[in-house]
Structure formats: C-alpha cells, structure tokens
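Take a look at the structure below.
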Amino acid sequence: MNSESVRKLFEQVRRGKISPDVALEQLRHLPFEDLGFAKVDHHRALRIGIPEVILGQGKTPAQIAGIFKKLALHGRNVLATRASKEQFSAVKKTVRGAKFERSARAIVLHRDNKIYGKGLVTVISAGTSDMPVAEEAVVTAEIMGNKVERLYDVGVAGIHRLLMHRQAISRSRVIIVCAGMEGALPSVVGGLVGVPVIAVPTSVGYGASFEGMAALLGMMNSCASNVSVVNIDNGFGAGYVASLINRL
Amino acid sequence: MNSESVRKLFEQVRRGKISPDVALEQLRHLPFEDLGFAKVDHHRALRIGIPEVILGQGKTPAQIAGIFKKLALHGRNVLATRASKEQFSAVKKTVRGAKFERSARAIVLHRDNKIYGKGLVTVISAGTSDMPVAEEAVVTAEIMGNKVERLYDVGVAGIHRLLMHRQAISRSRVIIVCAGMEGALPSVVGGLVGVPVIAVPTSVGYGASFEGMAALLGMMNSCASNVSVVNIDNGFGAGYVASLINRL
Amino acid sequence: MNSESVRKLFEQVRRGKISPDVALEQLRHLPFEDLGFAKVDHHRALRIGIPEVILGQGKTPAQIAGIFKKLALHGRNVLATRASKEQFSAVKKTVRGAKFERSARAIVLHRDNKIYGKGLVTVISAGTSDMPVAEEAVVTAEIMGNKVERLYDVGVAGIHRLLMHRQAISRSRVIIVCAGMEGALPSVVGGLVGVPVIAVPTSVGYGASFEGMAALLGMMNSCASNVSVVNIDNGFGAGYVASLINRL
Amino acid sequence: MNSESVRKLFEQVRRGKISPDVALEQLRHLPFEDLGFAKVDHHRALRIGIPEVILGQGKTPAQIAGIFKKLALHGRNVLATRASKEQFSAVKKTVRGAKFERSARAIVLHRDNKIYGKGLVTVISAGTSDMPVAEEAVVTAEIMGNKVERLYDVGVAGIHRLLMHRQAISRSRVIIVCAGMEGALPSVVGGLVGVPVIAVPTSVGYGASFEGMAALLGMMNSCASNVSVVNIDNGFGAGYVASLINRL
Amino acid sequence: MNSESVRKLFEQVRRGKISPDVALEQLRHLPFEDLGFAKVDHHRALRIGIPEVILGQGKTPAQIAGIFKKLALHGRNVLATRASKEQFSAVKKTVRGAKFERSARAIVLHRDNKIYGKGLVTVISAGTSDMPVAEEAVVTAEIMGNKVERLYDVGVAGIHRLLMHRQAISRSRVIIVCAGMEGALPSVVGGLVGVPVIAVPTSVGYGASFEGMAALLGMMNSCASNVSVVNIDNGFGAGYVASLINRL
Amino acid sequence: MNSESVRKLFEQVRRGKISPDVALEQLRHLPFEDLGFAKVDHHRALRIGIPEVILGQGKTPAQIAGIFKKLALHGRNVLATRASKEQFSAVKKTVRGAKFERSARAIVLHRDNKIYGKGLVTVISAGTSDMPVAEEAVVTAEIMGNKVERLYDVGVAGIHRLLMHRQAISRSRVIIVCAGMEGALPSVVGGLVGVPVIAVPTSVGYGASFEGMAALLGMMNSCASNVSVVNIDNGFGAGYVASLINRL
Amino acid sequence: MNSESVRKLFEQVRRGKISPDVALEQLRHLPFEDLGFAKVDHHRALRIGIPEVILGQGKTPAQIAGIFKKLALHGRNVLATRASKEQFSAVKKTVRGAKFERSARAIVLHRDNKIYGKGLVTVISAGTSDMPVAEEAVVTAEIMGNKVERLYDVGVAGIHRLLMHRQAISRSRVIIVCAGMEGALPSVVGGLVGVPVIAVPTSVGYGASFEGMAALLGMMNSCASNVSVVNIDNGFGAGYVASLINRL
Amino acid sequence: MNSESVRKLFEQVRRGKISPDVALEQLRHLPFEDLGFAKVDHHRALRIGIPEVILGQGKTPAQIAGIFKKLALHGRNVLATRASKEQFSAVKKTVRGAKFERSARAIVLHRDNKIYGKGLVTVISAGTSDMPVAEEAVVTAEIMGNKVERLYDVGVAGIHRLLMHRQAISRSRVIIVCAGMEGALPSVVGGLVGVPVIAVPTSVGYGASFEGMAALLGMMNSCASNVSVVNIDNGFGAGYVASLINRL
C-alpha cells in the first residue's frame, strides 16, 4: 500500500520520535505517490463498467495478445480497437472468451454484461462505407453497458430514409452520427431531436474530402446547437462519450 | 390550425362523401404541413427550459430589439448572444426585465428560473482572455436552468492551480473547458474526471494559433476519451450541449 | 467594319493585282481581328437577354457611374453587382431608370423585360444571413429573363421547414442553394429533386467556417449527384449559370 | 403496400368506428413511411433514363457482382464506376450483356438505348492523363441517354488546338471540361461559348498541385461566369449534372 | 501559511487526539493546496531574476496600470509586452521608474539590475521590419539579467553583411534570430556557430508569407541542427528561453 | 498543306467564280486551322534546339518506347523525364543511341549537339538528396544546348562551402538552385550574383516540410529580387526556363 | 578604404618587420570586411542601371523622404514601391525631380535614362483590377532601362482579345503576366511564345481565391514549361527579374 | 595546407618580387578557401564531443556502410539516424564496435565516452508510440556526452503519472518532451520547471492530427514561456540542441 510511508510518519509523531515540524518537512519531500494522489487513477481503475482499452493499430499479434491477457486478469471487460484478424488469432489462443467483431475491427472480452446506460444509444451512419467507424462506436457503447440501436445508410441526399425512422430516433437518450464526404447528417439529426448528438467525421470520400477534413469542418460548423464532435474516424471516442452521458 | 384540411378529409369519409381510396389519394397531395409533420417543431417550441435564442452579431439595435420583443411574448427565457451595449440599449427600451451580461456579451431575459439540470455544470477556462467565451457558456447554461460554477485562469502551464480545485471539479456532472493557444486544458481535465467534457477552442492567441485552429486541432486529437468539441469561440453551443446532457 | 482589309485583299485578287499566293501570304500577316475571329465576341455581345455586368466592388462612385452610362447605351439590361448606396447615388444621376436592389447590393437597369427562361428558377437559402448572396442570385436570374421564386431560411437543422415546401421545390427547372456554415443544404435539396442544383457556399459563419471554406468543401463533397458548385458568395455566378441552363 | 394502415384508418372512419378527431390523432402517430412520403424515392426510381449506379471502389468482386445482378433486375441501365478488371470478371459471369469500359474504369449494362438528351454533350480534357476522368464523364452521359463528343488533349498551353475545334464546341448544349495541374481550361472554354460548362478538377499533376486542390481552386475562381464545379476526379458527377441539364 | 492544517494534523497525532490511521484519512481529504504542492508556484515566484510579466495587448490603459502597480509591489522587475504609448501614460502615473521601450512596444520597470546570464545573448534580425520583434527579445533578455548585443538588418540576400560580424557572433553564448519572409537566416547563423540558436519567425512579408507561416515552416525545417523555434512574432518567448539557457 | 482551302478561295475569286463578298463570307466559316493559325505550333515545332519531351511517369515501358520512337523520327533531340530503368530497357531496343541518365531519371537521345546557350548555366543544390531534381535540370539544360556546371551539397547551414565557389558562381549567365527543407539557398545565391536565379523547391525533408510546401513558400518569399520559382521537384521546368534565358 | 589594413600587412612584410607566417596569422584575425569580401556588395552598388529601391509600405512620410534623399545622392535612379500620395508629398519637398506614378503606387527619380535592355519587355494583365501590380512591374522595368509595352485586360475568358495581340506578344524578349482569380493567363501566354514568362499571381478575387493563393498554385502548376513565378502581388520582383534577363 | 597560396604571396612580397599593391590585388582574386575562411568548418570538425552524423533514410545498406566506415576513421563518435536493421548488418561487417539501437532506429559507434554535459538531460514522452522519436533524442544526447534519463508514457490525460515524477523532473538541466496527438505535454512540463524545454511534435495520431501538424501547432502556441520547438519527429534535433545547452 503506497501511503505506508505517510502512515509511518504519523506513527513516529505519535511516538514522539519526531516533532510535527520535522514531520511536515519530511512530508514535503516524500515522493509524490506517497501522498495518496495516485488515488485518482486507482479510483478510475475501479470505476464500474469502464472497459480496459487497447489500441490495436501498430502492435504485433504477440504484443496485443500479451497486453490483452494481462488486462483480462483485472476481471473487467476488455476492448481492443483497430485490431486485425491476425491479432485476434493470437489473442484467442491466450484469452478464453475473446471475440472478434469483424466489421468494427475490434476484439472484445465480455465479463460484465450489466446495463449501466439509462436509455438507448442510437448509432446513425450516412453511407455503407462509414460502417467500420459506426460499428466501432456500437461495440464501444455495448461493452460499456448500453443498449444500442443501429440506423445505417440514411445519408442526407435521401432524406426520407432518415425521416422514416424519426420516431425510432426520438426514443434515443444519446445519438452518435457518423458521416464522411460533406458530413451534413449530424445537423439534420440534431434538428430532429432534443438530446445530445455526438458527431464523428469519417475519412470516407475522395478529392476535396481531404481524408475527412471536409466532414470535420462541416460538423464543427453545424447549425444544430446540440452537436459536438470527435476526431475523424474516432468511433471509439464517440461510443465512450455517449456511454458516459448515458449513465449520468 | 394547420391540420384542418386533414380533419375535413376524415369528416368527408365519415359522411360517406368520398371513399377511403379517394381520401388516401387526396391525402397524398395535400401540402406537406397539413400532414402534421410540423409537430416536430411545435413540440420543440414547447420543450421546457429551452430559451429562445438570437444571434446578435450583424444585426442593428433596432432589428434585435424587434426580434427580442416578439420572442419575449412566448413567455420563455430569451437569450441574445454576441450582443453589444448598443443593442442592449435598444432592447431594454422595449422589453422590461432584460439584462446585459457584459462579460458574456449577452442579453438575457429570465422568465423561468426553475433548475432543470440534475447536477452541476462547471465551466473552466485556461486564461483570462478566454473569459468572454466561457461566460457565454455560463450564461447559456444558466438560462437553460443549470447550476453553474466557474473555474477560470487554470491553464496547463501552472497545473497546480487546476489540481487545487480537483475536488471541486469532481463534483461536476458535465464540464465545459474553454482554451485558446495550444488548447491542452480539456485533455488534462478529461483525465481527472469520469464525466463528459465539452471542449471549446477559443481564438485567443497569435501567430501560429491561426485564429483558434491550433486549439481546435489540439482538442480534436485529445488523448482523453471523454472529450468532444464544438466550434471555435462557440461558448453558446457548449452551454447548450452541456445543458441537454445535464437534464438527462 | 473590321473585315474591310480582307475584302480589299479579295478585291485585289479579283482584279488580278495580286496573285492568290501573295494574297494568302498577306492574309497571314493581317492583324488578327481582321480575320473575323473577333466575331465570337461580337456575337456574344448581341446574344439576347444577357445583361452587361459591372463588378461594383473597388470602384469609385464616379467610375461606376461612367461605366454604367456607357454600357446603358448598348440598349441591353445592365447589372452592377456588389454595389453600394453611394455608387447608386452617382449612377442614378446619369442613368434614368436605374434602380438599387438594396438586399442584393446591386444596381439594375431593366430595358428588356422579356422572359427567356423556360421554367422556374428557385433560390433557396439556409439562413437569413445568406440573404445578400441569395438576393444577388435572384437579381441576376431576373435580369437575365427568368421567373424566380425565393425560399429562404430553410436550413437543415429544421428540415421540416424545407420539406413543407417540397412541392414548390419540385416545380423548379433549376435550383440555386445558398448556405454557409456546414453547407449541407444543397445535398438535401439535391436528394429531393431530379433537376440541376447550383450550390453557392457563403462566408456566413465563424471560427472553423474559415470564411466559407467549410461550406465550399462540404458542397464539393455532396453525396447528391446533381450538385455543382460556384465560388464562395458568388450569387451572381449561380444566377448566371442557372439562367443559361433555364433557357436551354 | 405501405399506405395500408392509412387506408385502414379511413375505413374505420367510414364505418363510424372512430371519429375523425381520433383518426387525426392516430394519423399523427403512424410511422412516417405510411404517410406516403416515400413516394419521392419511388418516383425517382421510376424516372426514365437514370441508371442504377454502384461505386466500385472498395468493394470485392463478389460484392459488386451481387449488387450488379440485383440492380439489373430492375430493367434499367446499370453503371458501376471506379471498377477494376477483376470486378468486371465477376460481374460478367452473372450479368449477360455487361461490358467493361476500360479507360473509364466502368462496368456498364445498356438496356435502354433511347436518347433523352436534347442536344450534344461535349467532354473536353486538357491532357492525356485526364482521360480516365473524362471517360467516366463520357460513359455516364452516354448511359443516361446523351450523344457525346470527345475533345481531348487541348490544354491551354497550346491554345490553337482548342481553337481549331471552336465550331465543334459551339454546337454543344452542355460542356464538361476536365483538367488537372492549373485547371485553367474551363475558363477558356467558358469564354468561347454561351452554354453551361461543368468543370472537373483532376488529381493530375505533382508538387504544388496538391492532389487536385490547385485545379479545384482555379476552377472555383474562374473568370468565366458560366462555369460550375464538381469534386476532384468526379467524372461521374459531371456526366450526371450534364445529363440532367441536357434533358431539360 | 497554507500548510497550517497539515501541521495541526501532526500536532493532534502527537497529542494522541487522533490515531495515525485517522490522520492519514484526513490528510487525503484536505484541500490540495494544504499538501504543500503549491510550493512549486511559490518557489517560482521567488526565483531570482525572473520578472513579472503582463501581456499588454487587449487591456485598457487603466487595467494595465492597475496590474502593473500591483506587480511592482513584489519588488521584482516588471515587464509589459505589446504595450502602447497610451498604456504607458497610465502606468507612469502610478509606478515611478517605469519606462517605455518604444521600439520593443514594452513597458519596463527595472528594480534588479544584476547580471544573471553567464555569457552574451546576441539578437540578430534579417530586416529592419523585424525590429519590433527583435527588440522585444532584447528587452526581455535584458530585464532577465543578460548582456545583450544587437545585430540587425543582416538578411541572407546580402550574406557578407552577416559574415562581417562572424567573430562578434562567435562570442555569443546563446543567439536569437528573428526573420520574416523566407525565414532563412537561422539556418545560416546556426551553421556558423556551435551554440543554441532560438529562431523567431516574424509576420513580416506579404502574399505567400501568410502572416509568418512561410517563415515558421522554413525554420522548422532548418538544416542546421542547433535551431529550435518559438511562435510567430514571439520575441518575448525567445528572450525568455535564451535567458534560461544563459543562466544555466 | 492546311491553307489549301484558303488558297482555293483566292483562286476562285481570281477566276471570277465567286465575288469577294461571297469569299469573305466563306472564309469566316472555314475550319479554324485553314486560317493558318496553326503556324504557331508549326513554328514552335521547328524551333531549333528545343527537344521533344515525354513525361515518363505513369506510362508503361511499351507506351514510352512507342512514343519515343515516333518522336525520334523528327530528327531532334528527345528527352523522357521521370523515367525508369524498365522504361529505358524498352526504349533502347527500338531507338539506337538512346541513353539513360540514371541520377536524373531521364532517357535522352542526342541528335543535335550544338551549343545554343550564350553563357554558362550553373545548377546548385543544397543537399545530396536534392540531386535527382538537380540532375533533371542539368540534363534538360544540356539537351537544349547549354554548357552546364554542377555545384552540389552547398546548403546554407555550411555557408562557407557555397562561398568558396563564389567566383565560379559569378561566371554564370543563369543559375538554377534546387533545395528542399527550408528552401533558403536561392536567397543566398541570389544575393551573391546579378543574374536571374531559377529556384526549384524539392520535396526533400520530413514533418513540417509538407512534401516541399515549406521550401516552396520560402522561395516565393525570397528577399533576393532576382529569384523566380517553378513547381516542387520540377527540375525539367527550371532547365527549360534557364535554357530559354540563356539563348536570348 | 577598407583594405588598408591588409595593405599595411603586406607593407610590413615587405619591410621585413614581420615574417610571412606572422602576417598570415594576423590576416586570419582581421575583421572580415578587411579581407575585401565586401567588394561583392560594392560591385553591386556600382552595377549600372540597377536603381536604389525603397519599400514604402510601413514607413512614415518623413522616414521615406529621408531615405529617398540619401539614396538620391548616389546619382543612380531611385524607386520607392508601395508608396502613398502622402509619402510622395514629403519626398518631393526634398528631392527635385521625383515623380509619383499613381497607378503603380511608386515614387521614381530618373537620373539615368539609358536603355540597358536588349529587347522589349511586355507586361500583360488579366483584368483591370490587376493593374496596380502590372504597373509596378512596368515602372520597375522602365527605371531599370527597358522598353516596356502594356497589354491589359486580356483575361482567358475572352481569349480572342489576347490572340488579337499575338504578333505584338511575339515581338517580346521577356514577358510578365499578372493575373488573380484562377491565374490561368501565364499558361496561355507561355504556350504562344518561346521566351521566358514571369508570372505574378495577384490577390485579386474573393472567396476561394484566398488572397491570391489560388492564382499562385495555378501558376506553379502551369502546363507551359517556360513559366516561372514570383510572390503574390510582387510586380516589383517580376520587373526586376525581367530586367536582368533582358540585359543578358 | 590550404593557406599555402597566401603564405606564398607574403613570401613574394617579402622577397620584393611583388609590391604590396599587386599582392593585395592577387589576394582578392585567390579562391576563397585560401583566405582561411574554411577554418570555421575545420574548427567545428574538431569540436569535442560532437559526433559525425549520417541520415540513414533513403540510403542503401552499402552506401551507409561506406560512409560510416569513412567517418569512423576520424576517431570521433558516429551516429546514423533513421537506420534499418539491414543497414546495420552492412555497417557491422566493416566497422567494429558499431551497435544498433533498435528502438531509436540508430546505429552508433562510441569512441569517446566522456561526459561533456554539466547536468542531466531528461527525455519525456507522452505515449508509447512516441518512443522511437524519444529514443532518437536519448541516443543523440548520450553520444554527445550527456547523462540522460527517460520518463515515458506520462501523457496529460493521466496528469498524476507525470506529477509523481515531479522531483525527478526538477533535477534536470534541460528537458526534451516528445508528444503527438494534441501535443500538450510540453506546456505542462514547462510549467513545472525553470529550465529550457525542447518540444518535439511527433506524427503519432490519426485523423485531424494531420501527421503531426496538430501537435506542432499546439507546441508553437505553448502557454509556457520556456518552450521552443523542433520539427515533427525530429528527435535527433532535440537531442542535439539539448546537448549544446547542457554543455554551456
């Protein structure tokens, strides 16, 4: 236990071995972690329903399997994002119960299936090419204990497809909207509901989409006031923010 | 009442004047608003605690006074953002009770002082120059029925100032963080708490800050997973999103 | 008449004064305009219904009045865009019948009121701030002989307002859509109709709108296939292109 | 049939089972598609001469063959853009009559060869490297029922090559101009004719062409008033817009 | 004294009023500043030779005079950067001894004239227009206790002017180089010496200098390994970094 | 011969078969090339010392060999830039005498070895990585009939290496300077001489060099007045411009 | 005379007062300018026909008058660019013969009217708004001793206007082309001639012209090989480079 | 010895063979290096503790082995940055004692292990992905004779991890901070210490990180005054600058 040295200090004071003034001085020179500050992190580690997360991208199958195994020991859900089939092959050899969510490019280990979210998280995407990002948001929200509904391929150029699902959308407590190209969908969705909308620009598009920059700028300038934005292709971040909101 | 023509259609069917098939056909050719779709907006208009909002920027004092007066008739709170002292002078002549929040550059009319937010909204800013944006967020969250606390001038280059208020921050249900220059504060705050953080890049800075672009990019790339971002200097948007989250 | 020298050449050949070979050689060394090439321009000048156009911006009242007067002698309609009240004051002193279209910032002289457009041009705008650009498009289309309808303040965050006018939109032969901020409106409109949509990004917005760049990029990436784009705030260009299409 | 529930409502009113008021209320809560709004799409689907379109890019040969086969059942023309030879191999096994337009990177199925366009569409390109984009425009315009003429390799640095074809250009009802590098050709072409010019920036170039951004910006700033622009390398979009214009 | 509450805790333990375990628990819940962490800042405040600094830009004369007066009470040097003549007029009325360094746009109050820097700081500028930035660096370095030499107007297009001063440059312990336009000077200076070079891009230039962006990028890409860079026009930052280096 | 139809016209006039007026009318409707305008190109084709040029990039070995062979028939020098070893293998099988300049990535065929340039062209490069671009400039200038000297690896961070060659530089009639990273070398060279300097930004660098953009901006902002700039990595263009200047 | 100390060294050696070795050592420690290196600049100062140049922008009338007067003492031509009427008023009081070229925003003093250029410099501009930049080029080329012809308002959207002057253009030895907006004119001009073309992007335009960036990028990507480029609005630089070329 | 010709000149003067005036004239025309100017470089070559450096990137194993071997002859430390395993295989065959620092991607040869740095250099990184850049800085600082400590994976979103090491950080004489994504760490570190901080933006991140541009801009705008910045991923540059500072 890392506050042992502080306790010892108090003990010495109690025994009269050192004066309060000396103890105070020594307290100031103790390594920082002894001051209990690390509790922040510790507490966070214990926060219920928050999975352990690994960024798969740029790691070897062996590396990811090693980290995954170690995190699995904590007893919480584990999520590896931007993972490949090869990485999953390595993981499943060492971690029983790990599954590969292919379309989300994610490896998941579900230990805690409790629902922490108070309402429905709806994940909407503009086109089929946005699906990997949308699915990453879905998988993230699910592993963080949310009921999630998908509403895909409802881009703004065929607005009636979106409107047909208006009532389904209205049931949501938080909404994630993934869109590339002009990134207009979050504004339209935002205008239909009175709940927070998390917008995810995707790198879908070509030419003047500039790898998602056009969609990002579009979403930053949304004329709907209930829209906030995460990084390009950051389905994980959107799922994470939505989950935090939904458990409030 | 705009659904009158639909009601008339049903009446004619009831009286046997037209067959259901003919009625169906006529229904399809009615102007859209008669189909009741406009209810969406109507409902929104009635949603409790959401103020009427005017963008002051680019309007003459006379224009803003006119709009403000008209909106005030609805009986809800009214908020004019990016407003000037001159605009307020015009407003206060026609609307009793309107006040000018100078540091937020906002004109407010409080009719409904009920608290709709379930917890505390904390608005944090990095430097004193970010204050107008932060205050716009504060005023917006307050007029939408939230308890708001300010924590200003706690930029990352003096991290201890922020940490001194760690416990205060931990009491928040939603946090808004305004920062210009490198825009690093939301990441640090995000790492200290487990609730949603709305980041507002401000145009504070010079040279390579490019009117807030540096801060915007920084926030989009936040390494804290609970951060989402609104437009540069968009204190209103942040206050609005935070309010929606806080009443969930 | 500028083909006189060519005619003279033929005459000399006819009279046997010079041989065809010599004439051919001389032909090649005549100033270019004598070859009749300038007819292109001449023809254009005579093309019916195309107004004479002056860019008001950056000219003194005296300059614009002088040019306006000279162009008015041609007997065609005259249009000065981006003009100020001061410029109009100077123009109206010298050109009888010139009018100032304040909201479009345009000075117009209508000589030819014939309708050349075969159908309806509809000009749609997202917000009230886009009006000067939309009005420039309206005035341009009108002076080029089109019936024009306005549909303003129907931005995507309140999609029902646009949809209410769906049938009106469907009557159009060409549609111009002006929008700033995220510039999403042309995609939605484009999805509702089967006719060409001319998108005009406007510089309306702040922060990450980057003076219209966000809207421009959004429109370039429109997921509706019937959208093409003109320069930021270029209401004139949109009105011009729409007019050419409408008279086909 | 999706308006069945509305019909049932009328039937109940007719039979006196429910009052018009109750019916009106129920109507408002029916799922959106029952209101007949989906007709928009249905109508569009039936619009003559508009092909079914698939974006080949990013799809497996099996996927594209499956989609292509399904769309071919509708009896309309089918177009797959940005397609590869491998994708075509898969398609031709399942769809009789499908052809590969190699230079346009397109798979086409011609069922309806009727000419819907009222005049000539001319596709002009600046250099030989722009040809794939230009051909995509040609194939799109042809499958949408237009007579198309090609005028390739007539870049502005050898202006006489373009001018030699001046009369051919003048016969066009709509013109598409594809150019990379400085993207200057649409301005020159636009100055020669009085019809709409659709400009397509291409990613041809290197260094400061920034993948077509230089050409895009050049075209947005065209000093010819009859030019509108589509996305970089978007030959399909240009062909689509030109076809819509040409059938007006 | 802010560690009083901790001392009290020790005292209570010494007196046996509370057990070490209870004390430990209470320690953890004390407000952060009581843990002595604030010493960091306190120490910094006492660090010798570091002036109090005010950013003059955007403050009224009254505001700056108020802040200046308050800081002057600390007994240390005071520096207000980006200050105007009007601001100085207000300051000099309340703070005796304050001076205005016009070319540096700085108000200074020298209380401590001791030299803390171990060697010479040389400030080099490319052109006369870079002087305000260079002077800001000079004033900053001087008020932080350095001997400073100026070497102005030695841009790379007249390389001999720089080389004439080669020996003077070689005497420096740290060098600051201010340059706008192409920002090439730091590379050349860096190649002449073996000491750290702080490069300051300035916004001097026009057109493609993009307010200093060209110079900034140039300096970031310096082929001299001893160059590091601060923000555009940030003479203060350069003077500050150079001072810290020079007192090592 | 393409002016045949014009000659025929004159002949008919001479013979009295048609009147001058009719001839004039017919002249106006002749295809453009019959008017002799194509002479511009013809003349250019005959201009001495200008090679036929092929851009190798993006062409198959077979394609390049075919074009090369055809151009070789004109009897002039032939240059293929951005060519690969594989392309050269194909060329040398069909064109005797073709050589591969490996470091310039160019295939050359020298037929005309006459010196057309009146003075010396010096090609200077900042670093060894800039060599391919510099060599492309050398090969271009040589095949266009210039005496060329190389001065490589004389970047600004070791200014004495450049200065050692000051007299050699002074002998030049035109100078080409290739540099990546900060692109500072042209300014320094420009300051040393009184002749035109053609600057070539190269894509050498990493990070904030942005593929040559930093060097390009640096060169555009050169404080030396005798510098003009060509595209990133455009060694050919620089060699071409320098050759035109040198033969004046 | 600044080589006096070197001469003295030789003298001492001659007299046997110091040995060659000692002299060599002393030589190495002499201040740089004594080594004669400064001759470079001196020579430049004496180079015939090169004017003394002052950048007027950002200087007070008094400053510019002072500098102008001092430079006028050298007996050479003097040119102040980007100068205002107020600055000229101050200059003309102290320097007899100074003239204000209003459209070029330049103050000139002609002492040496000799023609140094061997041929004709033609300055071409696309639109009337480009005139100030074009005139700056004209004034610069004239004061450096060139015969200059203007060809204004011949933008690419009316290509025949340019072509009418084809023969005039062909007489030029060097050509300067100024254009804003899409910046296409240099490519067209470059294709018509076989001499060097200096392209000057201007900041004329709006929206996506981005203060001349669009024109700059267009010109950098010119498909004409004889084009090189100077900074946005840098008419002076173009005139300077053209003058150096023309006197070769 | 390269000053031989100067010595010879003195000798001739001494012998009376040439007069001082003639000698002076000849001196001026000697090649530059004979004037002893090259001493600058020579001195630099001898400067103790500075390694010979090779940029491995873009060189073949054979090339790098050849250069490495040659430099190893100088007897100084040798460092090859951005080197591959293959390059090392080639080097170790020819240079005994060369080692491969895998995580830094560097080949090192330690000849001189003396400590030249007066204090501790601490290298801090935000995330594990920043390690290659951080290690390059470590290896560079070590081979230049510094004691280096690593402090990795202490990003701002978990600020307590950084703070735990506050005292370790305080012992540093110079600090290098490597961070990608939002690049916020240097500001926080800068605020904790009173010594120079060298910030290295890394290309770690995705989407709106734009290959390190977001981090670069963030660091340029750091609100901590003791931060200066080097190029993206330039660990070598940071290690080099830190080493120069640390030996002052």
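Chains: A, B, C, D, E, F, G and H, in written order; residue numbering restarts at 1 for each.
Note that a contact is a pair of C-beta atoms (placed from the backbone, for glycine too) under 8 Å apart; a residue touches a chain by one contact, two chains touch by 3 or more.
Computed from a prediction, not measured in an experiment: that's the story for all the values here.
*Asks:* In contact with chain A and with chain G at once: which chains are those? Just list them.
*Replies:* The common neighbours are C, D, E, H.
*Asks:* Which chains contact both chain C and chain D?
*Replies:* Common neighbours, chain C/chain D: A, B, F, G.
*Asks:* Between A-C and A-D, flag the pair that has more C-beta pairs in contact.
*Replies:* Taking the two pairs in turn, the one with more contacts turns out to be A-C.
*Asks:* Centre-to-centre on C-alpha atoms, which chain is most distant from chain B?
*Replies:* Looking at centroid distances, F is the chain farthest away.
*Asks:* Counting in whole Å, what is the centre-to-centre distance of chain E and chain H, each centre being its mean C-alpha position?
*Replies:* 25
*Asks:* Using mean CA coordinates as chain centres, what's the gap between chain B and chain H in Å?
*Replies:* So the centre of chain B lies 50 Å away from the centre of chain H.
*Asks:* So, what's the distance in Å between the C-alpha centres of chain F and chain C?
*Replies:* 40
*Asks:* Let me have the rounded angstrom distance from the C-alpha centre of chain B over to the C-alpha centre of chain F, please.
*Replies:* 59
*Asks:* Counting only residues that touch at least two other chains, what does the list for chain G look like?
*Replies:* 40, 158, 163, 166, 192, 207-209, 213, 216, 220-222, 225, 231-232
*Asks:* All pairs of touching chains, please: list them by chain label.
*Replies:* Every touching chain pair, ordered by label, is A-B, A-C, A-D, A-E, A-H, B-C, B-D, B-E, B-H, C-D, C-F, C-G, D-F, D-G, E-F, E-G, E-H, F-G, F-H, G-H.
*Asks:* Please name which positions on chain H make contact with chain G in the complex.
*Replies:* 3, 6-7, 10-11, 13-14, 16, 19-21, 23-24, 27-28, 35-36, 39
*Asks:* In their shared complex, at which residues does chain H touch chain A?
*Replies:* Touch residues, chain H against chain A: 129, 158, 160-161, 163-167, 206-209.
*Asks:* Can you list the residues on chain F that touch chain E in the complex?
*Replies:* The touching residues are 126-127, 155-159, 163, 180-184, 187-188, 190-192, 205, 207-210, 213-215, 217-225.
*Asks:* Given the complex with chain A, which residues does chain D contribute to the contact?
*Replies:* For this pair, the touching residues of chain D are 31-33, 37-38, 40-41, 57-58, 201, 203, 211-213, 216, 231-234.
*Asks:* For the complex, which residues does chain G have touching chain F?
*Replies:* 40, 44, 47, 50, 53, 118-119, 166, 173-174, 192, 194-196, 198, 216, 220-222, 225-232, 236-238, 240-241, 244-246, 248
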